[in-house]
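Before we start, here is the structure in question, set down as structure tokens.
Each chain carries a letter (A, B, C and D) given by its place in the written order, and its residues are counted from 1.
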Amino acid sequence: MKPQPQKLPSIASPKASDPASINDLRVRHLRWMILARALDDRMCKLKAQNLVPGSVFTGRGQEAFSAAGGMLLRPGDVFAPLIRDQAGRLAFGETIIDVVRTCMGKRTSSMRGRDGNIHRGNIDLGLLPMISHLGAMVSVVVGMLMARRFQGKLVGNDLCVGMASIGDGGMNAGALHEAVNAAAVEKLPMVLLVANNQVAYSTFNDRTYACKDLVDRAAGYGFNGQSCDGTDAAACLAAIGDAVARARRGEGPQMVVATLLRLAGHGLHDPADYITPELKSRFGDCIQLDSNTLKIQGVLSEQDIERLWEDARTLISAAVEQAQTEPDPDPGQETWNAYAEPDLKKVRT
Amino acid sequence: MTIAYLEAIRLALGESLDEDPRVFLYGQDIAGAFGGAFKVTKGIAERHQDRVLNSPISEDAMAGIAIGAALEGMRPVIEFQFADFATIAFNQFVNHAATIHWRTGRSCPFVARLPVGGTPGGGPFHSQMPESWLSHHPGLVVVAPATVADAYFMLKDAIACLDPVMFCEHKYLYYHLKADFDKTRAEHLPLGAAAIRRGGGDCTIISYSGMVHEALRAAEILSRDHDLDCEVIDLRCLRPLDTETILNSVARTGRVVVATESWPFGGVAAEVLALVSSEGFSHLDAPPRRLCALDTPIPFHPDLFAAHHPDAERIADVVLETMAF
Amino acid sequence: MTIAYLEAIRLALGESLDEDPRVFLYGQDIAGAFGGAFKVTKGIAERHQDRVLNSPISEDAMAGIAIGAALEGMRPVIEFQFADFATIAFNQFVNHAATIHWRTGRSCPFVARLPVGGTPGGGPFHSQMPESWLSHHPGLVVVAPATVADAYFMLKDAIACLDPVMFCEHKYLYYHLKADFDKTRAEHLPLGAAAIRRGGGDCTIISYSGMVHEALRAAEILSRDHDLDCEVIDLRCLRPLDTETILNSVARTGRVVVATESWPFGGVAAEVLALVSSEGFSHLDAPPRRLCALDTPIPFHPDLFAAHHPDAERIADVVLETMAF
Amino acid sequence: MKPQPQKLPSIASPKASDPASINDLRVRHLRWMILARALDDRMCKLKAQNLVPGSVFTGRGQEAFSAAGGMLLRPGDVFAPLIRDQAGRLAFGETIIDVVRTCMGKRTSSMRGRDGNIHRGNIDLGLLPMISHLGAMVSVVVGMLMARRFQGKLVGNDLCVGMASIGDGGMNAGALHEAVNAAAVEKLPMVLLVANNQVAYSTFNDRTYACKDLVDRAAGYGFNGQSCDGTDAAACLAAIGDAVARARRGEGPQMVVATLLRLAGHGLHDPADYITPELKSRFGDCIQLDSNTLKIQGVLSEQDIERLWEDARTLISAAVEQAQTEPDPDPGQETWNAYAEPDLKKVRT
């Protein structure tokens, strides 16, 4: 079952050079952020209603950075999101209905109830279904880009891009290191989005790394590196926009490190009382900040923003309603077979 | 005193830290008030801030650090957040920790705590059993306690053991299994001994970890509904295996069913079948059988998970087939 | 034409590159005139410079790259310098490559070439057999050719296979095994079928990879010195196992000895014993037996290695014990 | 069997402030370099005579860097050498006889014939017996240093040091990344010696990493980094000396990257014809260069240097002669048991 593209009020694709289109871009950005936040919130409610079998992780506070990443990709690109990338996933083309179906474990979901929640993906769309092991997806993106180069698709100065997400914690996985280094050796159009949200689960940065800034790692790999304030929507669009543009032009791999704070527990189960009020006070909520800015700049009115929220909730409710009517997987109908070719005694022709 | 399986582990860790300055804990999110993803170190971490340390998300380094500290006389206990992530430390475990004693004559005593096993909704990457791939290479001790008392005593014995011990603790039992617990009890089985959890002469049901409780339930069903008297063996220690207890039991019953929640191919169940068929052949009155998880990744949806995961009813069915042979 | 086992692999790789633009090779030191630590890609790498690439010393990334390229329609063949280093890629293999088809319905066709097995002086880290820990998790195909023709045909079939294939090629056979080879030969066994290398009714000797040649030698010794007629099965494909061929043979002979150079615990030999005892029990006239490597790391010194490694004489002894039962 | 310390003509331990002692240091340095080169050469001959069962790897061209590392350590430090560290091993305390015994697989060797060649070590001396997997030893050094900290031994401003070797190729192993990061998080007195010898087996640097210089990685880990010319003995002593001194003073982990060329094949079996004359012409031989310098500076005469070689060869020949008379391991006397506690059914008291 191919996921259906969701119908969102269409906003024409902007050109970066056009000042009006920059506003369009900003509005679309905020819309994805709001849609993701509303969807995350709804998933939390569904979990409380006992309609979601597994864990629920949200991207609260990281929507600006994540959405910017997803938006700046286009069909034909590759995206390997992680657990806080609801915004980027939606912006890249994940459908709301698939999110709901997968979290509920529905037979109709892209993972057919076999895998769930944040492990969903759609390889045809270039949206990779993550495994849990942090760092493991990045080399897969490298392989996909290498495949395209072998296939003659990585030519010219408007290349497709492979984007991968990682956190401050995941940066220290050996798999991440090997993959990032391989991307650099192959000079691929890869963009690594590093969401430094100050914590890995409950562990603060002082116990996970010791460089001054994670962007200091870029030079060590031969990546072009840049930093941005992850709570500032415009800064995220600018930094990732620049990185993606460089990658498309063939300037090789890019790392963008955003500084922000996870505004929720690690998962819904985690009250996160280890995050002190002092720390909280140092970081804003990207959605609130961006909404204010766009109001002050006269791009959107209070009502416009209210409508974005309402539209988001309407779309989500429709998806939840539909998903609830859909069947759970049926163990009796499962083939219980892990192989694409279950019969290797068949003679190959 | 009634405590949960997880509390028994916490107790053993806390006492080990109290009593032995060589013991330290290292793992993701175990320190401070937080006390770990499953709260195993909650309370004790704050009492021993200097010896309960958070690690980066670097499982290979965690294992290497345990090896190094063990060689320097410490008794490290490392916690993996889920056993599924111990794949990252596979090389340090099997090529390094497991080979040190044989290569150099030095011992390498540390414990790796691995939260294992399936729970509904856990999905393919938070539900696995690692004991098969940890026990193939010689050099690692692999244990899997199924009871509250074993969780406590075996962890203490594991910390005392001179070899690297892979301590497989079942996530489902953490809070679901509670039992009366008396830690002053004088005698408890040594680390390497299997336990006969229920005596019986008709058929031996062999199991370990969470599946022991299904095996016991199966024995009850078989007793109640079929008047069969099954012996239930809890292996406790998988590597080395207590071959004597297994073979003695099979010599008495002539029939054996092994139940595990791992995959069948080359697992501990296969090893037990290989053992009883090659060394206990003359005792066998029926083919030895195994009941394992289905041969696919572990499904997310609870209905699929229930079908994938062996349970008492299915164990009882296999025993009945064995009896009918 | 007489060629070596290694040349058969080279031939299959070269032809695959020639015929199929989806095929590329990736691994340490395989490119250019150098052509790999064992010279497998020598010659062909220069002919296909754009599709034979050196990788950094990053085995986890090598496997991840193979997965990604396979998902994008390529047919990657990755070379590990020694199978012993594939432990580093364990996670990508068992948690990623092995689960993709079941989780997503997409296939993930790549081949990992793993130089396996012991040679005198190789020592603990250049001699291991990885098939046990690769075959426990469902989702990987694991093959281990023992002949020159199989090295060629099975590699071509592995590249054609839609699943990730762990191709275990034995280092000792690379240059020591030479045979007449006719690649136009019309019929060859499919990837998943075991081969009966020698027919016989007295006892079935089951083996794979390098040990097949010891099994055949054992059968000759037993025929010459003891007038015994042994059937020798070369498993060829370990995961999935050709259970039919195994059980049919045991039905005929009633006796089975499995010989591998891997460690015993939970290995493929254990799996075969579990299979024949649970599903072929009524056919067995004697306990099924296994003869594996000794249960320690693989020793460096050739004398220790020889004692550690099963050979024809010891296989023959076990068969004789089995016959005497 | 504890290895016997070898008897070398004693040269008093120098103080860095004393100009005469600098010369002592330089002479001792050259002596270790020569001893290592002579030993490597002899191992190659023994291999040709079929007296060595396994592979032979040499440190040809890397002696200045390696010896400096080993020399600047002292008893109580930890050293995790790799395959080209004959010089550093000897300087740190490995005995010639154990090298010969291990390579021959003798029962009397520290590995008792169970493991061989470059995998030898002596944990009591703090000399780690490497496993083959590149990068794997570094986290073990981290663990050893952490143990010492737990034991209260890492206090003051003259700390013990953990040193580990790695090559340009091994720098890209995930294990290395995780270990180095952990050392930095723990702020340990670890010194990582990176011997950039331009190749990993046959693979040149352009296919293994893409940063400008491997020392660029230091900042990304929070290591203090410095570079040196690995063919210049004095430069090696100075750079590693500084790094070790900083580590001892408690300034945290140090990385020293040496640029040099592997002046032999990867192993004895490798003719290394992929190394072009052009590349070779860009790198000198550290031993030749240092011998010349010391002659020009009047520290040593031609005869002094000749005597260093002769002494080295004499010591080595004596060791070879002794080892040859020693027994091979006897399979029948082996216990064939991988466990320190083979009987776990014994009740623990």
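Note that in this section a contact is a pair of C-beta atoms (placed from the backbone, for glycine too) under 8 Å apart; a residue touches a chain by one contact, two chains touch by 3 or more.
Computed from a predicted structure; not experimentally measured.
Between C-D and A-C, more C-beta contact pairs are found at A-C. Using CA-based centroids throughout, the chain positioned farthest away from subunit C is A. Rounded to a whole number, the gap between the C-alpha centres of subunit A and subunit D is 45 angstrom.
Each chain gets a centre from the mean of its Cα atoms; for subunit C and subunit D, those two points are 37 Å apart. With each centre defined as the average position of its C-alpha atoms, the distance from subunit B to subunit D rounds to 40 Å.
Annotation for subunit D: residues touching 2 or more other chains are 111, 114-115, 119, 131-133, 172-175, 177-178, 181, 185, 207-209, 337-338. Taken residue by residue, subunit B touches two or more other chains at 55-56, 58, 60-61, 84, 87-88, 91, 95, 98-99, 102-103, 124-125, 138-139, 295-297, whereas all remaining positions touch fewer. Those residues of subunit A whose C-beta lies close enough to touch subunit C in the complex are 110-112, 114-115, 119, 121, 123, 129, 131-133, 136-148, 150-151, 174-175, 177-179, 181-182, 185, 337-348.
Only residues 21, 24, 50-51, 55-56, 58-74, 76, 91-92, 95-96, 98-99, 101-109, 138-139, 141, 157, 160-163, 190-193, 237, 240, 242, 244 of subunit C touch subunit A when the two sit together in their complex. By the touch criterion stated above, subunit D contacts subunit A in their complex at residues 172-178, 181, 184-185, 187, 206-212, 216-222, 252. Interface of subunit C with subunit D (complex): residues 28-29, 31-34, 37, 53-58, 60-61, 82, 84-85, 87-88, 120-126, 294-297, 299-304, 306-308. For subunit A in complex with subunit B, the residues that touch the partner chain are 53-55, 105, 111, 113-117, 119, 131-135, 169-170, 172-175, 200-203, 207-209, 273-274, 328-332, 334, 336-338.
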